[in-house]
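There are structures below to look over.
Here come two complexes built around chain A, the first alongside chain B, the second alongside chain C.
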Partner chain A sequence: MGVTWVFEVDQTAKSVERLLESFGGECVSTFAVDISPYTPPTGNADHASNIVMHHSKCPQSTFSICPKDTFKKSPKAVCDRGFDLILSKLSNGLIIDTAGKIDINGNEYKLNDWTVRVGTAVQGTAVKGVVVEVEYDASLIVVQCREMMVEFVKYVFNKYYQTQPEIFIITEKPENYSPLDTMWQYLLIAAKLRKKT
Partner chain B sequence: MRASTSGQNVQETQLQTRPGVDLVLEANDDWKIQEIGFDGVERYLKPESFTDHVGTLARKVEWTKLVGSQSPYENSKVDPEEEFDDENVAKGSQNGKSADFVTPEAGPWSVVAKQLHESLNQLNILLDDMSVIKNTDYMKALTVLDPITVQEPSMEFINTNRGNQWIWKRRALQEAVQVLDNATKQRQRALVNLGLSADYIAHLQRTQFFEELKEMREIWRVRKTGDYIYGDLSYHIFGWKYDTPNIFDISRRSFSNKTENSSLSIIEVSVPKDLAKRSMIAVSIVKDEMDAGKLFRDPKAKKYKYTYKENDAEKVEVLHWKDSLKWAQNTLLLRDTFSNLCKDAIKLRNRLSIIRDNVLLISLFDDYLLRFELQWFPFEHGEIKEEGDVYLNRVLREMIIGFECTKFIRPQFFCSMPVTHLPENLDLRGCGAMTSVQIEDRSVRPRSILERVLDVAAHHQLTQIVANVALKISESIDPMVQHRWLNCGRNFSRLMFNLNSKDYESFMGTVRSVFFANVSSYEVEVEAKDGIKIKCQRDPKRILYALQYSVCCYSVSMVSVLSRNQWLSPFQTMDANIYALDNNGMTAPNIILCNQAATRSILFIFHVGQEPEVFVRKFIVNERTSKPEEHKWRKLNYHKLSGMSLCKKVDSLLSYLRDG
Partner chain C sequence: MENLIDIDEEATRPQLSINSTPYQTQECVLYGSIFSKHVPDLERRLAGLCDPGCEEFFEHEMSFCLRSLASSDVKTDIKLRRRFRTDHQIQNYWQLRYIGVPEPDQKCPTIIRKEISSLVHSSDMMTYAKALGLRMDYEYMTQGKLWTKGNIKILHSSLTKSIRPGNYDSSSIKSISDSSLVEISISLPESAEYMPAAKTLRDFADQLMPLCSMEKVDYWKKMFSTATPARK
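Moving on to the complex of A and B:
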């Protein structure tokens, strides 16, 4: 569990994996992330939609974020997998939007303290893009390691390092990083991917 | 609703000259208002529904014209002439012979006819009555004018009257019946008291059977399927019950001889043949050495001959079910436990184990082995001698029962939580976003019984070793060593040692005179001072060495305290080193004192486990100019020093060397 940076790449997953292997990375396992929006049933647009996410790194947890304008204003929660079962009972208010569900599946590489997960994002049967998640296991404090993360991404990929995630930019005090911040990054990327054809 | 054509602004002026058309839209058929209540509620006359309409129409139909007044209501096709009575024939002919459905005209004589009809009816009735009276014997018709005389029966008449005779006979018979009833009751009672009646015996047996069955149900699980009653010998609380190999049949014993007052229970129990023996598991710690004797069973030994012997079926039947069921269940439990222990032993890769002939030998540590033996005894009454280590036997038994009573699967809660093997305090794993690595680290896995018994047995053996060593060191009288167990647990114990110098307790104030020995399942540690631990693994010699070393350190402190005594003989401590080594490389704490006059130095060396050595020499004033031959250490004979204890000797030596 550490500070994580998720970004989209414009190369294939295989090329990224080869790149990581060239740096000495070792493929340790696979990972899967899924992002499912829950929308109010048709005709009832009173309340906002909710996004429910799962990450294979935290196998017993479910993440739920209701995206509003900013990260700080969006109600977020971490819960156990029973949350999905409860949501299925609330079908009067929220129905899962299976068309909008995005799955990211891929491999996990380990490089000393760094864990890099490379996955292909798929919506339904259409491939939407490739997403890379870089995690620095040694630290939980963003202000301490964001510069190093930028350096790492620059060193390994030599691009994508200019647009830092929101949490890196807005954090000034040494606060703890939480898995919800990772899932927020996934949420934004998924929204972008949905718009792509 | 009034609608006036709404005009737009342009046309408004034009339209103002032409009046609009008044339109009234009304429903065609409003429900008529029956009344308006005082609260303004209108009550409507409901229009006719279909059935009502049909009803009004039906009422308008003249049924009589269709059906005819003479015809029966149901079947209008019957010939109306057949229904006529004799009396009505004339009436019928009077009134027209049409068989159709035409009502007869009522002529001027109709009233007369009716009355005639009625009277004729009454006549009919009278005739019927008379015929009834004539035919029945017991009804006597009286004329209207005759008075009813109650005839008093004469005595003669009473006596000869048959009815009376019958009454007397019946009464007599009833009295006889009463007497006979009494007689049978008395006889029954007599039979009851003697217990001879077969019914009563059966009844007694039946009640006894059910009472004993009730008693059995308090302890055992009993079930009835059809006519077949059986019970369950398995001991599991959670899990399958009534497994076929573990059930016993219950039947009623048939007593061949009724008068025999047998001590056998009415319930006969059939225990499975393979469980019809008594068993025990003996746990003991043995040392693997040449003269350990036979660690396995000697197949020729007499007491194990039982295992190959068949049970005597008759003897088994005679046993009371309380004993036989208890023994059989114990046998089942121990058999399962032993097989589980063997399975666990095979899984433990880094411990060697041997299983043969119901004996499991598993290595404990060093040369010690833990031995489990499953013993079988004949299925009869008698005391069984408990073998092996009693403490370990009890520990094993407790663990078996604790294992059975532990719920390893968490029951389901209200909000559909999954049935998991994990303990309840891991509930944070979802909400705390724990990674799989964290979940694995925190999960508690149940340890097998064998591992737990191994820990307990290893600790047991180590405490015995430490206790022996403590006894050995308590033999020293100078200083006096006392030991006490502070903490005795299954896997960890702590021993405290107190040192005492006789007659010099007052000096002991600041000297550390207490040290500890910690015994765990794997090793022994001696805690010297300030938490410094000396690891002694499992070697009794090392433990003894560490304890003796602590005693030496204590002696050094005592010497230094004694030397500082103002009243008796103040000496200065020049150097003290408890980590010093002697010529052999063994630790030998030492201390060098110097007297006030700076003429003499005294050196004490405390060898571990040996007598202390005392050396004296002239004090070296100037190290550079001193000649080594003038300042040789002279060894003093420790025994010849006056005083019995070390402190006394030191005291006298110091006072002797104070000035000189």
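Moving on to the complex of A and C:
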């Protein structure tokens, strides 16, 4: 997984797809992301909630983050799918919040070295918005491709490029980009979408 | 050769649904112990019985339980296991393992229990485990060897603990007893019939006599009987 930028757009998935096609993008497959919060049963607030996520790009992996203020401070882990089964055994402490689950489904476009995923976020039966994931496949180092990604988004969409993800802004001790960084962006977007009516 | 064929079959097997993942298995287990000074005799016996070659291991195991206020009598045990660094490639990888309550089957000659395991990578596993609501019960280090005989796993290991928790260098590791723990087990698919495998395991275990007597240890009963006076 290369450096990825996930953001919400205020247009329909169809119009983003048309836009990508006009730049020579090719629809290669579909993708799916799900974000499920696991929360402690009511009245037991001695540990925080845990967000469990899956991405069709890593079908055998489960991403789990207990969100704190920043990504660095949040306890997080990448597990295999056996973790989902273990979580069900922890139901005394963490219960899946089915109503808060967000599914993002859509199409995956290939545009030279870029992979762009356009998906519609759905919570239960309500459509919450459209999410775009721009991935630069060729690099794992954020500082190396940050400027180019901003330029790409500016060139294709001519907006959205001003609000950059946390990982683009941090400059001290940059670490290699990992899929967990992508999932953190999804987590933040899902938290925002849940509040939206 | 047989093993090679098995691997090929596994690769062509259709994708499993979430309910029958390879992560969830049931296992037949027997436990025994042997004085550490007699372990070389046991190794010679195993070398004669088992598949050629064995694997040495040095692992750190921690047992966690779920901290919950609502139901303090229901205990969920989770085991975390990591291999001590043999090369730094495998740092920060942990095996997260849930071990179920043994089946109350009197006729079965071995312990039968459900098991779910998952490989977890986290840069700070302790903080992560705490965030899940898990609290550490106890920890220990195991060092020993793993042998196989078909699908039977034979482990013998000496248990050590650290006198200064958090430090796992050789100066702070102390032996727990002068005996070694012997564990033999078979893993089966989740809903498979376990009786034939349990009998095979029992037969194999009997071949370790008189060096080591393998038993169906009622460890859960013992656990409860010591837990009751402690609660008073």
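Here, the second predicted complex is superposed on the first by the 193 of 197 C-alpha atoms of A that agree within 3 Å, B and C clash if a C-alpha of one lies under 4 Å from a C-alpha of the other, contacts with A are read in each partner's own complex, and residues count from 1 in each chain.
In the analysis below, a residue touches a chain if its C-beta (ideal position, glycine included) is under 8 Å from a C-beta of that chain, and two chains touch if they have at least 3 such contacts.
Given the structure is predicted, the values throughout are model-derived calculations rather than measurements.
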Which superposed partner A:179 touches (first chain B, second chain C, both, neither): first
Touched partner set for A:75, first chain B, second chain C, both or neither: second
Which superposed partner A:48 touches (first chain B, second chain C, both, neither): second
Touched partner set for A:57, first chain B, second chain C, both or neither: first
Partner chain in contact with A:40 - chain B first, chain C second, else both or neither: second
Partner chain(s) touched by A:92 [first = chain B, second = chain C, both, neither]: second
Most chain A residues touched (candidates chain B, chain C): C
Residues on chain A lying within both footprints (that of chain B and that of chain C): 78-82, 85-86
Contacting residues of chain B [partner chain A, same complex]: 415-417, 427, 429-436, 438-439
Interface residues, chain A side, partner chain C - complex: 40-41, 43-44, 46-48, 50, 64, 66, 75-86, 89-90, 92-94
Of all residues in chain A, those that touch chain B in their complex: 1, 57-63, 78-82, 85-86, 178-180
Touching residues on chain C, where the partner in the complex is chain A: 18, 21, 23-24, 66-71, 74, 76, 78, 96, 98, 116-125, 127-128, 130-133
